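Since the structure comes first, as structure tokens, the remarks are kept for the end.
We just call them A, B, C and D in the order they show up, numbering each chain from 1.
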Amino acid sequence: MSEAAAIKKVTEHSPEEIEKVKNWINTEEYKERNFARSALVVNPAHACQPLGAQMVATSFEGALPFVHGSQGCASYFRSTFSRHYREPAAATCDAMTEDGAVFGGQNNLFEGLENAYALYKPKMIPVYTTCMPEVIGDDLTAFIKNAKLQGHLPENVLTPYANTPSFNGTHIHGYDAMLKSILETLTEGQSIEGKCTGKLNIIPGFDGNVGNLREYKRICELMGIPYTMLADSSDVFDSGCDGEYRLYPGGTRLEDAAESVNGKATLALQKYSTVTTMKWIEAEYTGEKVIMPMPFGVKKTDELILKLSELFDKPVPEQLKKERAQAVDAMTDAQQYLHGRKFAVAGDPDYLLGIVSFLLEMGARPWHVLCSRATKKFKKEMDALLESSPFGAGCTTYINKDLWHMRSLLVTDPVDGIIGDTHAKWAARDAKIPLFRIGFPIIDRVNLHRSPWVGYTGAINMLTMIANKFLDIKDETCEDQWFEMMR
Amino acid sequence: MSEAAAIKKVTEHSPEEIEKVKNWINTEEYKERNFARSALVVNPAHACQPLGAQMVATSFEGALPFVHGSQGCASYFRSTFSRHYREPAAATCDAMTEDGAVFGGQNNLFEGLENAYALYKPKMIPVYTTCMPEVIGDDLTAFIKNAKLQGHLPENVLTPYANTPSFNGTHIHGYDAMLKSILETLTEGQSIEGKCTGKLNIIPGFDGNVGNLREYKRICELMGIPYTMLADSSDVFDSGCDGEYRLYPGGTRLEDAAESVNGKATLALQKYSTVTTMKWIEAEYTGEKVIMPMPFGVKKTDELILKLSELFDKPVPEQLKKERAQAVDAMTDAQQYLHGRKFAVAGDPDYLLGIVSFLLEMGARPWHVLCSRATKKFKKEMDALLESSPFGAGCTTYINKDLWHMRSLLVTDPVDGIIGDTHAKWAARDAKIPLFRIGFPIIDRVNLHRSPWVGYTGAINMLTMIANKFLDIKDETCEDQWFEMMR
Amino acid sequence: MAERKPIKGVTIESTEKLIAETLAEMPEKAAKKRAPHLGANEPTASPCAVKSNKKVVPGVMSQRGCAYAGAKGVVWGPIRDMVHVSHGPVGCGVYSWGTRRNLMQGVPGVTSFPMDFTSDFQERDIVYGGDIKLEKLLKEADELFPLNKGMSILSECPVGLIGDDINAVAKKMENELGKLVVPCNCEGFRGVSQSLGHHISNDSIRDHIIGKFQFREEPGPYDVALIGDYNIGGDVWAAKPILEEIGLTVKSVWTGDGEVEKIGATHAVKLNLIHCYRSMNYMCKVMEEKWGIPWLEYNFFGPTKIEASLRAIGECFDDTIKANVEQVIEKYKPAMQAVVAEYKPRLDGKTAMLFVGGLRPRHTIGAYEDLGIQITGAGYEFAHQDDYDRTAPEMAKGTLIYDDVSEFELEKFVEELKPDLVGSGIKEKYVFQKAGIPFRQMHSWDYSGPYHGYEGFKIFARDIDMAINSPTWGLVKSPFE
Amino acid sequence: MAERKPIKGVTIESTEKLIAETLAEMPEKAAKKRAPHLGANEPTASPCAVKSNKKVVPGVMSQRGCAYAGAKGVVWGPIRDMVHVSHGPVGCGVYSWGTRRNLMQGVPGVTSFPMDFTSDFQERDIVYGGDIKLEKLLKEADELFPLNKGMSILSECPVGLIGDDINAVAKKMENELGKLVVPCNCEGFRGVSQSLGHHISNDSIRDHIIGKFQFREEPGPYDVALIGDYNIGGDVWAAKPILEEIGLTVKSVWTGDGEVEKIGATHAVKLNLIHCYRSMNYMCKVMEEKWGIPWLEYNFFGPTKIEASLRAIGECFDDTIKANVEQVIEKYKPAMQAVVAEYKPRLDGKTAMLFVGGLRPRHTIGAYEDLGIQITGAGYEFAHQDDYDRTAPEMAKGTLIYDDVSEFELEKFVEELKPDLVGSGIKEKYVFQKAGIPFRQMHSWDYSGPYHGYEGFKIFARDIDMAINSPTWGLVKSPFE
């Protein structure tokens, strides 16, 4: 094409044209075309496997997460966690580049492990992978063995590793892969016939709320149940500021994790982010294995406490009975602010099941439930939960749809509010409804990762956040004649 | 005046006239005239003495508050507490009427005590007064003695009483008067030379936040300090819902209160609502007497913990050190959202001193501080606090001014937000600024009386409520081009 | 009035047995005083056996308020364009500031005054009297709130005890300011309940307001006044349009979203329509005697009562209005049937017990019955004999009637009758919710509403269904016991 | 450039000693690789001794990102009217969605696209290739976002490893859709940092965009283009008005709040003004060679640099522009002096250490110095030699220069030099705040800004004062130890 002919004038959309399209994207017709998409994904509400692996890798005492692959990924995972928790999120990487693509990443791994170990003196270096080594098929088993054989790393340094390709599953699957690998490494040779630590192993799953993790621990402490939380991110991602930076501010003690194979019971509170781990634990661990839903709301917390009471033959402490009664008191006192309100919810599978069950308990009406990457099994479980209550009627569960699909739903079939992570704020703004930030990541508010959503206190926290926001809106949008002292 | 001449047409204000006055009330000139008021009070931010008395009276185990005077007052106190706490607030009254005005209320008291005791079987009946008996000068000492003499009430029923005239002081003075009288009654004859219970007596003062009271107790429990909270409203005004209504759901055990006279130390955390009580305790109680400011913010919580540590020779527990560091972490991480922001604050003296010290700690700028009924002593103490920090510069303390005065201040000298109770919502609305509900009463939101404002966790709660509301406003009012994923 | 179907398990005997058991636990003297105020309903008995309007029995924990509450809270507060001065110490004004939900139009602080004006009596005012301060205060208020259409002086307890003369001050200041200044001696210790406060306020209107103004428009054949609707949660805004839709001209409202001058010109209307009989019947009688204005009690709770009321109102006017009435009834019938269709299935056969002020225990029964809910117990805080006479026929035989019920009695009655819902006030709400019993505030509509008229019934039905069928009640029973 | 005053306690020796001590703690091989990248500043040395633009030393915890981040995050993301497709698995698109604060005008989802478009590669796309899916996806995007002015295909790691041919797909779809479809082979594993991503993106602009469009208006003598301002926190909106105030016509912005067609017509301007030299110098050179457009580096951080830049820009034009420059400088001087007067007293003599991307470690020094703050250490994530050469004269003798500094090194350096402020990124912020050291994000302006131009300096000064002088730092030291 001759250059002159190719030169077009800079174009400008007319205001009318812009207005036309602006209205068009809110129509039923647009929604149909939008849902007809099969290749393009717009505003997905999930991240990739290695992010989940890093959450686990950082949640063990003295563990230095190690990304085998591209350094860009490591920096993205670190900045994502730092923006959510407003905390440091250390992780290192062996920075594979073009030559790695050709010759594989073994040399990078050698140098990376050597330097990481020397500089940061970790007790454990959990390794996980990015796209590149997965596509070119790096053999981590061999690489790590060679690294130790060739003296890049002392033999005794714990180097669990997991293949976490971002082109299948999401961050919750990376969490699962890394956790299984770390436990395999730590419990190696620790299983002693007949031995029982008398302890409960708690696996919280991929949960960006340190308040939730603390609530699980508090419940166990109140019930006098000794526990080990496997992948405990609560201190790592909520350490204090006292003038000294600590690279390893907490996490599950390695000895405790090692011993966990001889635990009295193992409890996973997120089914979908511990699938392979629990299958492995089923085979390898002593004691009972229990998978329960995240205890959002009163009924699910009751179930958890009854199970713990049964497992450890402990009475339900007065303090928890009191907290239960106070939660029921708060919910009965404030049900008028949520009853019948329609909600859209977006997030990870285990969070969605918990939030929806809390809404049903309050007489609220989940209406659009969306998980941008999930299995039919999950959809079946969600639909069953919805059918268990009259307030679930009319709700639709969407899997493998994204937040641009959600936007179409919100503007064509309006609801009162949407519950999800920060990414949902654009759809909430277009639909002119409030966003209740329960999920991961939350990078536009402060401290919402500190107070629990689970347990009896968590039920009060969720109820308070939602009810008070609706009342804020009422006060801020009503005409003078409807502005009132009492709400 | 002949009827015809007197008959005027129904008048109508023209839109222009309305607009004129609407703008006039926002002017400096109006502010001057408004501040020139000497007789009219408009929208005062305090209540009357017997309300404070009732908070104390209800906070002892098995105590049935008893209003000597008009039944209208009793119903107003009960509905005020029920609207704030969303909890029952039982109190009875001997319903004086016209004849009481003529002959005094002795007969009412006789019948009232008899019926109250028979019907509700209290362990104690604290009596306090409304305007009528105070104006006509009922002699409660005599009346109560006679009631027992004439068999209306068994001799052993505890009937502490306090004169709580609403025409002087406010609810915090009623709190003081009733507390002193109850302690006098309960500790009668209990003081034993040389005896020391080894316990700390905590007096929270008039505080509508049960979360604050629980935080004081939690701190003591963490430090291993045995305590008795005198006038403990935390369970009374936050009891659970389990299918059974309890008239007496908690409160300070009478035996503990009796023993408190032999305590190791007595700590009052609200100076202005315990003046006569502490003067009396100074004389009557064993052990140390300490009056400290409400521990809003880190520094004041430090001072409290150091004092407790010193008084009871207990080390500062790791958990509190950790919480301190987490509070400092949250405050340093979020200081950009409060730094330099101007605040108006309205409320009771001790709350005001606490809130202002927290704001100064955050680098925020208290600007209009108003207490609608306070002494020059308080003003001096507040001005001294303001002078202690560069961020207090430019702030003015107003005493004996009301929320209509505050309105003039807000519309002529704008600030970023106002901290106060629900009554401040009208001024906040006219000034188009957010209201942060810290105070009493809060009757238009849910559960803000459950999470603490004091202590390290309280500092995080306040910071979170204020910062996240400012960020809500930013997201909800910015144009599309300034709407951002990260805040 | 069609007699109510008997309610399963509720007979004269069972109810009287319950009353006896309850009285037995009281001191003798109290039981003697309380007995006449409790009874098993006899729909046809006239007068109703239950006694009322007597002094509170000291110490039993009555729910009653005082005369000031009846004056400032009920009658004066809703009048939007007056400065209402709570004359006395600070408490009464603060506790009643914005806590009665009498919504009002206007620019707050400019043309409407939803605020707390008070003289904030201190000790020296008790000792030296408050009249001088009152004068100064009225001048300041008129200066700072120039568009007020008048000011009311609402006495609190001390004023009547220290010999102040607010009537003199009012007269003096009315002349000096050229503005209505209305004294109201509603000291809290007067009378036995809020009721005397209504009466004193009606008298103040009679003596200082009515007759002083005339409407700007010429009188019309269909001019009416809406008496005794206080715009709780917007009730007036849901009721007035219906009356206008049948062709009437609502000239003034006593006193919801009220305008004092229009109240003062009400003597010119053709008919007074009174919703809350208890608080405003006095002025209906005065207007009837002095200006020959007939008055009609009407009831806008629930379609059955709305239709009956519209037809009764139609009877007072010509055929045009009667025709409009039938048209309006037909127009809203589908919507009402839709509401009943949606909610009745979930509410049919449920029972409720009511304890409210002076009207709603009987007036809302129709709305509950429209949803299939039967009332097993009802009573008033401050009703009189004529209220109870109007109540008996509205309730099934043997149901429980309780006047000025105490906390002790109501708990026993509810425990025994086990209603699916209790409708009462803020002081009772959390007592019964702790016991796992659904509750609706029938004073303040639980901050919802309106409940009057066609629009109100939709909201009422939704709220009652929400309260009774909320899944949160399923959580109350703990699995740990 | 006036040479900087020496900083107390900072000498070539002390700095070299610090470097040596730090390297001593590293494995030998790592120390050998890192040594050339750390140095004590020699303001007059040319070229600067510090080496740069080399591969990250594995395992040391570098702060660098990747080529995709340099392409999508830096260059393409800010172009508001294009659909930018993150081509590959879901992660890269999500982590970079809205996390660079390149603000943009327009109706989101209609004329501007601040969104995450991705092909969300699954295993089958790796195995069978993603080209077919890419075609389908581009059609779907053009259909659902019709007002887009073009689409970019930004390759993630897998694309380059599985032999996909996005260039072919781009060409085919550009013809089919009649829309600009720009391929950019910015796989993350390419090059050593974000820098190659800039370069590859500049090449894509060169090959697929520039020259294809012409401005609607006739060319004018004062037509300029703003190169390398990405509108972080609104920087472009604070810079552009100043250039227009001195009489220039800013025809296009690369690429903050950018419009792709205007970028494609930039070959017609008279002068390219480049702020971020590192990311966009490539296209300045191309436009100079191909269209003879001169280009000038300028610096809008702080009054000193703004004034110098305006005068330098003035020199490229006639006397009218030169006169305007002096006028504008005078106009804003008072405001700038007021800012300095308010904040300098509280900041004078303080020190700061900077570690940012490829420009700000040197470019913001002027603004810090305008407030009396001296820079004791500076370094870049992905600068090259020409950047370090430009840095040396801006810093005092003996100050510390660190290229691609690792976490390990930066902690040691900060611990030793004890700056009053560290200016770096989100991954460093909380590390140093835990140590009680005030911090400002100098990538994202800590969600504040703008920091460019006169308006930006006011906000910058306020924020730096807030960070350093926040009373919260006084709480860090616990009284319990």
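Simple rule for what comes next: contacts are C-beta pairs under 8 Å (C-beta built on N, C-alpha and C of every residue); 3 or more make two chains touch, one makes a residue touch a chain.
Remember, predicted model here, so these are calculated numbers, not experimental data.
Set side by side, the interfaces B-C and A-C show unequal numbers of C-beta pairs in contact, with more at B-C. Note: the chain lying farthest from chain B is D, by mean C-alpha position.
A separation of 31 Å divides the Cα centre of chain A from that of chain D. Taking each chain's centre as the mean of its C-alpha atoms, chain B lies 53 Å from chain D. For chain D, the set of residues that touch two or more other chains comprises 97, 99, 107-108, 430, 433-434, 476, 478. Shared interface positions of chain A, i.e. residues touching 2 or more other chains, are given as 83, 86, 239, 241-242, 321, 324-325, 328-329, 332-333, 423, 426, 443, 483-487.
Contacts between chains form some other arrangement here, matching none of path, ring, star or all-to-all. Interface residues of chain A facing chain D in the complex, by the touch rule stated above, are 3, 6-13, 17-18, 21-22, 25, 30, 33-34, 37-44, 46-48, 50-51, 66, 69-73, 75-80, 82-83, 86-98, 100-101, 108-109, 111-120, 130-132, 135-136, 165-168, 170, 239, 241-246, 373, 404, 407, 423, 426, 430, 443.
Residues 97-99, 101, 103-108, 112, 234, 257, 430, 433-434, 444, 446-448, 462-463, 466-467, 469-473, 475-476, 478-480 of chain C touch chain A in their complex. The part of chain D that touches chain A in the complex is made up of residues 25-27, 29-30, 55-69, 85, 88-97, 99, 107-111, 114-123, 125-126, 133-134, 136-137, 140-141, 143-144, 146-147, 149, 156-158, 160-162, 188-192, 194, 211-216, 259, 261-262, 264-265, 406-408, 411, 425-427, 429-436, 476-478. Listed in rising order, the residues of chain A touching chain B in the complex are 83, 86, 238-242, 321-326, 328-330, 332-334, 337, 422-423, 425-426, 429, 443-448, 450, 460, 463-464, 467-468, 471-472, 475, 483-487. Touching chain D in their complex are the following residues of chain B: 298-299, 302, 305-306, 316, 320-321, 324-325, 328-329, 331-333, 335-336, 339-340, 360-363, 389, 391, 480-487.
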